[in-house]
Amino acid sequence: MKRRVCVVITARPSYARIKSVLQAVADHPDLELQLIVGASALLDRYGNTVNYIQDDGFDITSRVYMVVEGENLVTQAKSTGLGLAELATVFDNLKPDVVVTVADRYETLATAAAATYMNLPVAHVQGGEVTGSIDEKVRHAVTKLSGLHFVANERAAERVRRMGENPGAVHVTGCPSIDLAASVLASPEITFDPFEKYGGVGARLDLSGGYLVVLQHPVTTEYDAARSQVNETLYAVRDLGVQVLWFWPNVDAGSDGTSKGIRVFREQDGTDHFHFFRSFPPEDFLRLIHNSRCLVGNSSVAIREAAFLGVPAVDIGTRQAGRDAGANVINVGYDRLTIEQAVRRQMDSGRYASDALYGDGKAGGRIAKLLESVELSIEKHLCY
Amino acid sequence: MKRRVCVVITARPSYARIKSVLQAVADHPDLELQLIVGASALLDRYGNTVNYIQDDGFDITSRVYMVVEGENLVTQAKSTGLGLAELATVFDNLKPDVVVTVADRYETLATAAAATYMNLPVAHVQGGEVTGSIDEKVRHAVTKLSGLHFVANERAAERVRRMGENPGAVHVTGCPSIDLAASVLASPEITFDPFEKYGGVGARLDLSGGYLVVLQHPVTTEYDAARSQVNETLYAVRDLGVQVLWFWPNVDAGSDGTSKGIRVFREQDGTDHFHFFRSFPPEDFLRLIHNSRCLVGNSSVAIREAAFLGVPAVDIGTRQAGRDAGANVINVGYDRLTIEQAVRRQMDSGRYASDALYGDGKAGGRIAKLLESVELSIEKHLCY
Amino acid sequence: MKRRVCVVITARPSYARIKSVLQAVADHPDLELQLIVGASALLDRYGNTVNYIQDDGFDITSRVYMVVEGENLVTQAKSTGLGLAELATVFDNLKPDVVVTVADRYETLATAAAATYMNLPVAHVQGGEVTGSIDEKVRHAVTKLSGLHFVANERAAERVRRMGENPGAVHVTGCPSIDLAASVLASPEITFDPFEKYGGVGARLDLSGGYLVVLQHPVTTEYDAARSQVNETLYAVRDLGVQVLWFWPNVDAGSDGTSKGIRVFREQDGTDHFHFFRSFPPEDFLRLIHNSRCLVGNSSVAIREAAFLGVPAVDIGTRQAGRDAGANVINVGYDRLTIEQAVRRQMDSGRYASDALYGDGKAGGRIAKLLESVELSIEKHLCY
Amino acid sequence: MKRRVCVVITARPSYARIKSVLQAVADHPDLELQLIVGASALLDRYGNTVNYIQDDGFDITSRVYMVVEGENLVTQAKSTGLGLAELATVFDNLKPDVVVTVADRYETLATAAAATYMNLPVAHVQGGEVTGSIDEKVRHAVTKLSGLHFVANERAAERVRRMGENPGAVHVTGCPSIDLAASVLASPEITFDPFEKYGGVGARLDLSGGYLVVLQHPVTTEYDAARSQVNETLYAVRDLGVQVLWFWPNVDAGSDGTSKGIRVFREQDGTDHFHFFRSFPPEDFLRLIHNSRCLVGNSSVAIREAAFLGVPAVDIGTRQAGRDAGANVINVGYDRLTIEQAVRRQMDSGRYASDALYGDGKAGGRIAKLLESVELSIEKHLCY
């Protein structure tokens, strides 16, 4: 009988980080894919990731609405609680053999805990990395709930093992997000008109004239500062005079601060060289980045896919603090002048060499093979 | 201004393991105690722990009903989800400076996650220990969410540090449960009539004739086996012919299997030397144990308080697997003959020397002092 | 395409009141039955109704755990809220054409509201009746959410119409519970040994010597009094000296008061002519009643099925206050002497003539036919 | 001891309909106001009603986040379920003597059910009215849960009584929303600059040149049509060439359809005579309406406050279907030409005479007096 592999996707970036695994599981003759889409991945104002998933040909087994709307941290906790209660019912019906959880967003704890409490083996993708913020705690807590670890590189593997995980359960597969970057490197041209295909608001830019891509999320432990932080970036890129493609942030406590900063800016300032997008499917997004002069903000894409693509990046603030980064990244504080100077420096330096720090582009197949072949167990104990 | 210390108690054993801390916090001039009682600690059929808490003079700040009733693992997950959603609202109103979570029951993840997601510092009592079952995963996941660790002994401290926790945040305080054992050692006599004071059902025994105490919980990763497991113990102690004081288990998936085993046994078998209790306040419970000939079952009391009291114990099955145990414990499988022989051996050997493996009886004061004096922070990163 | 008829069963008595409809829907060539079992119907300590449902050959489409355990009214509200959130997800997946909700227990509001909010037509069985307690409010609120009404008799129909419901949507079908009573009348002998078949605790009685059946639920608006109320009944039937078959109550705030009253009585008093059962499947239950000398307590079975069976009944307290009752029922207050006298009077009077006040035994087929043939609509407005 | 009156506000329009009651309760020497703010009234993208409440000087006793975000009807049900579970905990802590619920939005069923299930008396404001949509069912279901009815006029009172409510519990107080309209009539001038004071986006209009106010909500039983419906209105008022002040809709399934319609229109069409507002405090909103040439959309303000103010209104579609309306209202279908013609007719006809159909402006004081003086009871039965 085929092993039932249940993958839970809760946000736009998670999809990019697991898509090649979905494909490889769906294509594997001895695996059955059960795909649950929940949280902000279902929501229009966070880019309707669910539509991209379906457009890519994946069947969605179950949808779980779980985002409790609000403007403060209390609703992050409540959303996770609601998701935990609901995912338990879903797992109870689907009876998967293994549950795959992706990365470290707060609501992924619901996936890992529901599966663990129901005696289902949990496989975690992207453990062992290091950042700041709540993500840092969630990531390692999920590691301690999981029995199978698919990590990006040897440094991550070492951290997972040192936390007491069974070395035999830690597999360096590379990050599946790099698989998409590798496929984009094979056909990097922007053959579509982004303004026509993906709408958005703002000026219709001439991409051949060079442009920046900006993606800045609120940092949840600095909730109140979200709006002022995004302002620094807005004014920095405005003052650079380069064309800007700006992407809206994920759902998070503070996202309304960030969103409000962006909205007020749009209404008050000359933004004739700005265009604002909700979301893109991952490959087209990576094509935009590949052809940009610099990636700006605090997305992990800077450190991960952009490193592989060799695109210069300016990483702002503490969100990626401590993460292993390649030569393509300059980290700066929340200060418009510093940001402006760093972007100029990166535009001057131009493209970097491709860096396989987070994978070689073959993670999906490796993970599917492991999901089919490894012995699945729910018992674990500290390996010291 | 006083620091607000919020402690969440969700079950009978958790109260015993935190009571001396509650007292020390309540007595500390610079601390304010916020006491939340939830889950099975509120429920009649798990012994109404909330009544003992109030009888001890503590004011309950908030009550949170969160146990979704059921007979399988799905309701453990749902209960935790409901608790997470509710505790978020409670913390939002109480605005504590630090949240204290106790040990490793499944629902304690709700406490740790709600606090973490709301940027509240989390202090964990009893991290770094090693057992089997879901508890093992929950305990270490809570460690990764927590910023402050109050552990029982140096071995536990070493495990917490090796998991990457900041060594400066790991404090060997001893386990507060030993504080109660120490106070019982100071006045160990059973001056009350347990049958009159605590009711229960079954024969009125003559305790001066010697007796066993049995406390056996369902092991949640062996759900279906709960009933047959408890049967082995029931028949073993029946055949020993010694008087038995039996305590009902905690709320858990499988508790109905365990309970049903006990009920059927009571109705079918001669149980004229058995008495069944729901629950006791911790001190009187420890007095019973101190004066017993052997403690039988799978409670951690065998390894922890009974070691300090020097009471022989027979630990059955995997629930305490891997836990650091003293000389007073014999571990056996789920087999009535083996259990019977082990209990005989322990009754023959008699009392052991007091072992301070889990503390010296002064944990409460140490923890209160630390809660008052340490710098509280929500930022953490792996210390490797 | 077949119409999908989704029936939600949440408690033991609801099953008896809808079973003949389930059968008729399942047998109808143009209907597809979707059966959801939730709340106390899933729980062991309320008789595991789900097992009887499966033993009767029905497939269960979905299970919904929703009972938040507790000892006060707050958990009734919380359970209903949890059920509402969960049933929405279930309906979203099942996409029924019509949802059937049964009677008036508090948690049935979750069924009616979830369906209404999702623009699904709601059919209500047993509207228009009159009682006391919270049930009274729930029943009529469900009527106002429902678009289709299957009522027991013309008096109920008249009440539903007077509340402003469209007369064309009110159908006098009889109560499906009477269908089971009719089938029992066709073969009324107790051909099984109830003690062997259904276990329970207490004396093994000789049913040929005559016996009472007692079924007493807590009355939720009189929460604190539940225990003293059940005591009056316990001592009344004890003093009568007749054999007693006693059934445990449903899950309700106060059920622990009632249960505790029963437990204490069992342990303190001579109960050698009592036997306590958890639950029976409906037909065997009705056979027991049919052959009893009197039905005692506050169940609506006294007024409904017992009237059809011609069995004398003593109805205690306010729970059935205002309900249309036949000649077989004497209502008395919570007083042991009055109860005792009323039971004596009923035993002396003996069997009554069958009364079709709540139906003629053909409700199931009528309701299935209507579910297949009527126009389903979600729009409604007051018909005044 | 003062009676504790607990009022639950869940949306922007509910505040306008209860504000004068809040004031009167807060001012009453024998009443204590407990104010719960929840659902969309807490949310930034629905106008942060909570801020207006605080600016008006009311203390908020408790906040309840309960809106589960989504794009379909399932999340309306889930939000109500979450609210029901949470409000139970809040009521359990606040121990009110009576709970006041306002009007008929879907989530108000959570308030009425939580209070009813906890044996708290429920007072309902604005029962007995008649509309289309889910509101119609919710309103009358809340009536059946409530024990005290404060209705707008004799027609509403008659409907509530005919539903079987105790005539002595039905009080014609007028609708509190008219109290605000009355206060605005006393000082109707727009003395503030709406663009400066309330921001919004779009052109800075010259209000002295005459303007329309538009307020159109999605109609939840016509979910898919929400976007095309709003389009008809958008193009109708564009083609009229009159200045337009447009207000965003409430949170509702379909609101994203409506919002998207508005957003796309703003980006594609010349909207130099449009200004879009999120929300206003009620009095300033009524001042805008009072000075407008016509109110357009499907808000009940057209039928209620605008009737009292004598402002012509064009009511579109079925949302207010069946509601008692005065001479100031023309109802039309979802068709841009018909809408355009109706608005022209209303602008030509000019101001109407004030109509006290929904109250005389003194409801708040009457209701507070009744809340203090009537006997509160939780028992009720059909009065037929």
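Letters A, B, C and D mark the chains in the order given here, with residues in each chain numbered from 1 onward.
Keep this in mind: contacts are C-beta pairs under 8 Å (C-beta built on N, C-alpha and C of every residue); 3 or more make two chains touch, one makes a residue touch a chain.
Bear in mind the structure is a predicted one, so any value in this text is a computation, not a measurement.
Enquirer: Show which chains lie in contact with chain A and also with chain B.
Expert: Joint contacts, listed by label: C, D.
Enquirer: So using the touch definition from the top, which pair is joined by more C-beta contacts, A-D or C-D?
Expert: Ranking A-D and C-D by C-beta contacts puts C-D first.
Enquirer: How many angstrom lie between the CA centroids of chain B and chain D, rounded to a whole number?
Expert: That pair's centroid distance is 52 Å.
Enquirer: Roughly how many whole angstrom separate the Cα centroids of chain C and chain D?
Expert: 39
Enquirer: Where in chain C do residues touch two or more other chains at once?
Expert: 65, 68, 74-75, 78, 82, 85-86, 89, 92
Enquirer: What does chain B use to touch chain C in their complex?
Expert: My answer: residues 42-45, 65-71, 74-75, 78, 82, 201, 251, 256, 260, 267.
Enquirer: Can you list the chain B residues touching chain D in their complex?
Expert: Residue list for chain B touching chain D: 62-65, 82, 85-86, 89, 92-93.
Enquirer: Considering only the defined contacts, which chain A positions touch chain B in the complex?
Expert: Going through chain A, the ones touching chain B are 68, 72-78, 80-89, 91-92, 106, 109-110, 113-114, 116-119, 130, 132, 134, 136-138, 140-145, 159, 162-164, 220-221, 223, 321-322, 378-382, 384.
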